[in-house]
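Mind looking over this structure? Questions follow.
Order as written gives the chain letters A, B and C; numbering starts at 1 within each chain.
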Amino acid sequence: MQERLVISGKGLYTALGQGCEVHFQQLSRAQHALGPLDFLQTNHGKNFPFGEIKKDTLELLEMAHHSHHQGYTRTSLIGILALEEAIRKAGLEKRENFRIGLINATTVGGMCEVEKYYFDILDKPGDYSQYSDTIDCADCTHRIADHFRIKHFVSTISTACSSSANAIMLGARMLQQDMLDIAICGGTDALTRFTINGFNALKNIDKTFCRPFDADRNGLNLGEGAAYLVLEKESHCLKRQAEPLAYLSGFNNYNEAFHPTAPNPEGEGAYQVMKRALEHARLNQEDIGYINAHGTATLTNDESESNAMKRLFPALPPFSSTKCYTGHTLAAAGAVEACFSLMALREQSVFANLNFKTPMPKLN
Amino acid sequence: MQELTDLKQTLKTQIIESLNLQGMTPDDIDENAPLFGEGLGLDSIDSLELMVLLERNYGIKIEDAREGRKAMESVAAMAQYIVDHRTK
Amino acid sequence: MKPMFIISSTCISPQNTFEGLEGLKAVNYPKEPVYYCQEPDFSKYINPVQIRRMSRALKMGYTAAIDALNKSGFTQLDAIIIGTGKGCMSDTEIFLHSIVEYQETALNATHFIHSTYNQLNGLIALNKKISCYNITYVHRGFSLEHALLDAALYFAEHPQSQILVGSFDEMTPDHFKVKKQWGYWKEEPLHGQSLLYSKTPGTLAGEGSAFFVLSSEKPKEPAVKICDIQTLYSPESDEVVSCLNNLLERNQLQKEEIDLLMLGENGDVNHAQNYPMIAGQFPEAEKIYFKHLCGEYDTAINFGLWTGYEILLKQMIPESMQLEVRSEKKTYRHLLIYNNYFGKNQGFMLLKLEN
C-alpha cells in the first residue's frame, strides 16, 4: 500500500486577485472578474470579456522584485507571484536539504512579450531582444526555478488545457516512486493576442459573459493566471510540522482519440478519467460531494462533460464550472481549479455556476 | 448566368489553393457534390478555412459555424451564397 | 529507475538514418551553418487529407513515430509520451505573421491548432485509435529525457506495458535568424572534425525526430536497455561529477566498464567546459560524437540515443562518429551519453546491451 500524498500549500494569481483569500471571498460572493482589456494590445480588447489581471507588467516586475531589461515575461512574473504564496503557505521558506521538484505547465510561455516585438526581434537586436528566447515553454519555468533556487528537478508540460493537471499528476507519481521529497506543481499562462486570435479563428469565444452548461451557451471567455500546489508524502509533511490541507488520492490521464479539437459528444474521455480517478482513489460515486467541471462553455465541451457526468454518477452531485469567474486560464486552469476545489473542501461550500438560466434540453 | 459559372470556376481554384488540395484541378470538383464527408471529403477544420476564404475574398463574415456549414454544402451552394451576401 | 528495453526505433535526421545505421556511411554536410532533415516519402505514412495541412515538423514526427510503431508490430499502446523543445515552430511563426498581415481578422485556425505542443501526440492517438496515457514534455534540453523518465515511471506503476516515446524539433528560417543574433551559430558550415575542433563560439543549427517503442520485458533476441537517465538543471561542474559517480554506483558499474562514451559536444567553445572533464573520467572508453552530424537543437539527444542504440545492437561504430579510430575490436556492452544543452540542461543516459 502506497503512502498517502498530501497537499500542503497552494498559491493563486488570476483576474480575481492575488492570493487564495481574495479568491475565496470573490467566489463565495459570486463576483466574477471578467471585462474589457486594459493592458493587452489587441483589436479584440473591447469585443469580448476577458479575465485580465489588472496590473501592467512593470507593476508585476516590482511585485516580484525583478528589474526591467532582464527578460521577465508576464507569464514568468505571475508564476513567481503565485508560487511565492504556495511556498509561504506550505512553510517552505527554509527548506533544508529537501529534494524539491518544480513541474510547471504553460501553453504559450513568453508569447505575451514576444508577439509585441516579433518583427523587431527578427530585424535587429535591441532592448526587446531580452525576450527573444522566451517564446518556448521552458523559459518561464527556468525563471521561476531560478527565482526560488529550485534545482533538483525542473520540468515543463504542455498539453493545452490539461497542462497543469498533468503537472500535478507527474509530481504525485514522482513522490510515490521516491524521486522527490516535495513536488511543486502547477501552471502559468498570460493572455496573448496569439491565443485570443487562435480561439477566435476557431469561433470559440463568446461575445458576452460565458455561460457554462447553459442551453444557450456560445463559447468561452479567455483569462490569465497562475496556480501552484505543494505536494509531499504525509509523513514528510508531518515530520516538518506543516499542515496537510487535503489528500491527493486519485487522478488519471486518458486520450479519447476522437477529434483534433472537439471532444466526443458522449463524453467518453471525461467519463474514463473520472471513473479511473475514482478507482485509483478507491472511492465510490456516492463519496463525491462536488464536481468542479472543466465547463469551458463551448457548445461541444459542456455537452460532452454533462454526458460523462450523467453516465458515471447515478445521482449527480452538485457540480459547477468556475470559468465564468476567471475566464479560461488554459495551462493554469487545472491547478487554478484544484485550488478552488481545495477551498470548497476546506470551507465546505460550493461555488455558483454564474449566468446559468436554461438547462440543456437533453439533460433535464 | 455566365457570371455565376465564372464564379464557380474561380471558387474551385480558390478552394484548391487555400486547402492545399495537392494534385487536384478545378475540373476534379463536381459543383453539386457535397464538400464535406462524402464527395470531396473535407472536415471541420476545412470548414473554418473556407469561412476565412469567404471573408478574405468576398467580405462575407459568417459568425455561426452551423450557418457556415449550410452555406458551404457544395461549390454551387457556396457560389449562390456569395452572390447573395458578398460585400466585395 | 525502472529499466526499459528498446523494441524498435526510427530516426529522421539530416543524415540518411531513416534507412538505418548504414545510412551514416555517406555523410551529408550542410552548405549553410544549418542542417535540415533528409525527408522520407511522407505520403506513404500520412493520408492525403491530413498531409496537406501538416508542417515539416509534424510530418517528420508523425512518420518517425508510425514507422517505429510499425516495426514493433504492436497495435496497441499503454502510453504515448513525446518531448519537443519548440513544437511546430513554423506554424507558430505563420500564425504570428498572419495576425499582423490580416490585422487580427479572418485568420486560419489550422496554424494555431498545430502550434499547440501536444498536436503530434493527439494525431498519433487519433489516427491509430489508441486511447491511453498521453503527454507532452516541452522543456528544451530535457524534453526527451523527461519523456523517457515518465515512461520509466509508467513501467514502475504498470510493468506489463508498451510505450511509444520520442521527440521532434524543426529549424525554421525565423528561429535560425533570432538565435544567430545571439551568436548561437557559426558563420561558416564547418564539417565533421573541424566543427568539433574549432574552438570558436557557436555551432551548427539542426533538427530531427526519433521515436522508440519501449517495453519493460526483454525480448528473446539481444536488446538494448535504457538503464538510467539523470537530468541536471544548471549544475556546477562538481555536481556533474558527483551525479556521474552516483549514477555509476547505483548501476553497480566501474568506470572501466563503460565501453563507449557518447558526448554531445557541438563545437561551441562557450559551452564545451564539462566535456573534457567527463571524457577524462573514462580513459578506456571509445569516444563517440554526434552533433556534427545532426546539428544542435533542443532534442538533439534523440539522434544520440538512436545511434547509441544502433551501435550497441549492431556492434559497429560508423567512422563518421569518431575522432580517432581504435584498432582493437571488443564487445560494446555499456554506453554512456553525456549532453550539455547550453549549460542549463545537462544530463546522462546509460544504455546496456543484453544478450
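Assume a residue touches a chain if its C-beta (ideal position, glycine included) is under 8 Å from a C-beta of that chain, and two chains touch if they have at least 3 such contacts.
This one's a predicted model, so the numbers in the text were calculated from it and none came from an experiment.
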Worksheet entry | Remotest chain, chain A as reference, centres from CA atoms | B
Worksheet item: Which of the two pairs, B-C or A-B, is linked by more C-beta contacts?
Response: B-C
Fill in: Separation of mean Cα positions, chain C and chain A [Å, integer]
30
Worksheet entry | Between chain B and chain C, centroid-to-centroid distance (C-alpha), Å | 42
Worksheet entry | Mean-CA-position distance for chain B and chain A (Å) | 39
Response to the item:
Multi-chain contacts in chain A, i.e. residues touching at least two other chains, fall at 201-202, 259-261
Worksheet item: Among the residues of chain B, which are close enough to touch at least two other chains?
Response: 45, 48, 52
Practice prompt. Could you tell me which residues belong to chain C and also touch two or more other chains?
Written response: 105, 107-109, 113
Worksheet item: In the complex formed with chain C, which residues of chain A make contact?
Response: 42-44, 107, 115, 118-119, 121-122, 124-125, 129, 132-133, 135-138, 141-142, 145-146, 151-160, 166, 170, 173-174, 177, 179, 193-194, 197-198, 200-202, 253-261, 268-269, 272
Discussion item. Give the list of chain C residues in touch with chain A in this complex.
Written reply: 80, 85-87, 92, 95-96, 99-100, 103-105, 107-109, 112-113, 115-119, 121-123, 125-126, 128-140, 142, 146, 150, 153, 156-157, 174, 177-178, 181-182, 231, 233-235, 298, 344
Response to the item:
chain C contacts chain B in the complex at 48-49, 51-53, 102, 105-110, 113
Fill in: Complex contact set, residues of chain B against chain C
19-22, 41-43, 45, 48-49, 52, 55-56
Fill in: Complex contact set, residues of chain A against chain B
201-203, 259-262
